[in-house]
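The structure is given below, and queries will be raised subsequently.
The first chain written gets the first letter, and so on, giving A, B and C; residue counts start at 1 in each chain.
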Amino acid sequence: MLEVRGLGLALPNRAAKQPFRPAPVVEILKSIDLDLARGESLAVVGESGSGKTSLGRTLLRLLRPSSGRILFEGRDITFLDEPQLRPLRARMQMIFQDPLSALNPRRRVLDIIAQPLHVYGRAEDRRDGRRRAAALLERVGLSPRLGVRFPHELSGGQRQRVGIARAIALDPALVVADEIVSGLDASSQAQILTLLRDLKSDLGISLIFISHDLSVVRVLCDRVMVLARGAMVETGRCEDIFAAPRHAYTRALLDAVPLPVVDPGWIERSGTEEAGARSG
Amino acid sequence: MSGLLEIEDLHLELPGPQGWLPILRGVSLALSPGQVLGLVGESGAGKTMVGKAVLGLQPERARISEGAIRFEGRDITHWRDEARRALLGRGMALIPQDPMSALNPVIRIEAQMTDVLRLHLGLDRRAARARALALLNQVHIREPERVLRQYPHELSGGMRQRILIAIAFACRPKLIVADEPTTALDVTVQRQILRLIKELQASSGTSLLFVTHDLGVVAKVCDRVAVMHAGRIVEAAAVAEVFTRPRHDYTRALFAATPRYDRPGEALVPVPAALSESLFVEAAAYDAARAARSSHA
Amino acid sequence: MVERRALGAALSNGRVLFGLAVLLLLVIVALAAPLLAPHDPLEQDLLSSFEPPFWRSGADANFLLGTDSLGRDILSRLIYGARIALTVALVAASLAALLGTMLGLLAGYFGGWLDAVISRLVDVWMSFPPVLLSVVLAAVVGAGLKAVILAIIVVDWTRFCRIVRAEVLVQREQDYVAAAVTIGLSRLRVLACEILPNLAPTLTVLLTLEMGIAVIVEAILSFVGLSVASDAPTWGGLIQEGRLYINQAWWMMALPMFCVIVTVLGFNALGDGLREALDPVLRR
């Protein structure tokens, strides 16, 4: 369903621009290959600066790749322009990390969810749109009465569910979830993850789940891809990678996750790393 | 009990549209010198507010209606302004959650560090600068001279947090409140920072009140842990005990809701709505009983 | 567009209430001028010139606020002056807002060469002394109300453009804009339907402040003689006339000045109060 070869993304770094010279270009993604079958879920894991968010946005063509090829449902969407992409956008949706900024603060929840339906003509009129939106709210476990509220009147977990409801409104084939549980506590996180898992199996959605948390990833995904500094470090089935990571970086990432197990040695084993210009 | 910090039956309220909203409902805990106590709970449980109340940094409009906070035997519950300022720095300090907003973006690191040192330790500029360099070395920052000249946005999140940790430990306080200090950091950086905090804490004998929602962090760093829900402590014991034999249903539910990559077969169970509900009902009953008592008094 | 809570907060703010009261008063006076004014503002009665206002001895009950050098009733002239002040305030401020906002939206959202051109234009434009620009405009277009309104638009659109552009730059980075793209909205629709509504509070405040500025500019221009024909009653014109007789009849200058001050204070209070009332709702 999704086939990506040699995807590269380079953007000008305006902060380092010298006068009278073009801004120096930073390679954010370096030749990424990716395959996703229908109904499959792939986790994209990496730390800050790894390019994982940019990868998600590039796959949905919110950014224009500098090189490579993206084939979505057989069509080459790599260099299509906006008018050509628009009909396809219904098939590929995104759930954003910060629902407070991802939901228009001046729109009521019901209108936010109904909006994509109206754009693509899936609702006959405003009442029909509202009806469908209310049904979607129930689907994600929210009371339709919350539909009249504004985003800032909901809790973080509720807002994220609204984001999910909007993403599934058009019945997409592919959903990219960009760090959607990062700001939530354990309880809300568990609720969102189980919701997503159920929706995935009910609706047959292919999922790309971007996260920095390896434990979270294991819950949801079949396969995992580890990114570091824009390049792919390792990829494979979850059980293989987690049981026997081949690359040192993957191993470091796994070791760094604090499991809820009392282990005084964990701190000692971490080794002193001098914080210099490179990392934290 | 002659611990370093004693919180006894603390009740804190915030003004709401219909009267006072209870945020802390009879919180009691004790911290001995050199001990690390973890405070866990969901957002809204009140754990951050406990830390703020200890430091005297709770919002102006909050009121402590009952209970006491005792530090080194002295009742500091209602201390504000002058008295608190004297306490902050040498007695207690804070490692905040977000290093970006805790550092002033338009002032260089050197000034931000030396200001604190001069204020609390009375050092002159040269001595303060030397001390700042020593502190940066202590937190394993390479090229400390260069870092002193930089602005916060030129540094990585991990480095900023190291600087804040350095500032917190600078005056050798007896107690440090760490408010989710690693939540905003990458997992590998988090490990380094936790190691650093533990290292400094052990060498200086500082007690640590570690607020977090991450059970994994608690397991690695804390000696004791208190689990909070709706402003109440539902379970408090040594970490070894709570993690092998949790007694309260809510604690068990939190564990069941925490994903573990080493146990893929284990189902992830969100905290059951019924359990949450019953706990909120208990809290409401507590409020009602308390109101009845005070109206009879 | 403005939710109930915001309206509630706005209406309980003292400054907003004061500003609204002033605005309402102005509107009533301006609309009902023919009914309220006891005399024709242009009617001269040389025998009754320099009549004192009611609080001084020897006042004529016919002329509550006295008369000017040509025997024209000051109260009536002030009332009709309110008409001109309000017209200028509403029309000029709205058109300046319209022009500035449109260009600001385009510059902020599309960036690139469009932004570069518009921003440079604003920079250059703002470096012209506004008074000079107004004088040149009056010379070209000819003095009169149209020139005054045009002068205000021509100078003040840049204020709206800059602020709107800055706001758009901030909003553009928000995820809801990216989300709007993913659900298939065209760029223009995103700009109009998603971003613009989020600018409503800022624009409301700017508009009310601009109305206050417009009243002052009109007063200045008519003081300088570039506004409407000299016998038509503008507050600025009344101030200018009054200045000549400040020793004999100080009220001729003080009364129109008082009107200008109260009006501007009212608009400023409204703008300030609205900013206070609308902001925290958004910030949450």
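Basically, contacts are C-beta pairs under 8 Å (C-beta built on N, C-alpha and C of every residue); 3 or more make two chains touch, one makes a residue touch a chain.
On a predicted model such as this, the values are computed, not experimentally measured, just so you know.
Undergrad: May I ask which two chains are joined by the most contacting C-beta pairs?
TA: Most contacting pair of chains: A-B.
Undergrad: Tell me which chain's centre, taken as the mean of its C-alpha atoms, is farthest from chain C.
TA: Following the centroid criterion, the farthest chain would be B.
Undergrad: Can you work out the whole-Å distance between the CA centroids of chain A and chain C?
TA: Distance between chain centres, rounded to whole Å: 48 Å.
Undergrad: Can you work out the whole-Å distance between the CA centroids of chain B and chain C?
TA: 52
Undergrad: From the C-alpha centre of chain A to that of chain B, how far is it in Å?
TA: One centre to the other, that is 31 Å.
Undergrad: Going through chain A residue by residue, note those that touch at least 2 other chains and give them in order.
TA: none
Undergrad: Contact residues on chain C for chain A in the complex?
TA: Those in contact with chain A are residues 1, 3, 174-176, 178-187, 194, 197-198, 200, 282, 284.
Undergrad: Quick check on the complex: what are the chain B residues that touch chain A?
TA: Residue list for chain B touching chain A: 42-43, 139-143, 156-159, 161-162, 185-195, 198, 213-221, 239-240, 243-244, 253-255, 257-262, 264, 268-271, 276.
Undergrad: Would you mind writing out the residues of chain A in touch with chain C in their complex?
TA: 57, 60, 62, 82, 86, 89-90, 92-94, 96-98, 101-107, 115-116, 119-120, 150, 152, 166, 170
Undergrad: Okay, in this complex, where on chain A does chain B touch?
TA: Touching chain B from chain A are residues 47-48, 156, 184-191, 193-194, 212-219, 238-239, 242, 252-264, 266-267, 270, 272-277, 279-280.
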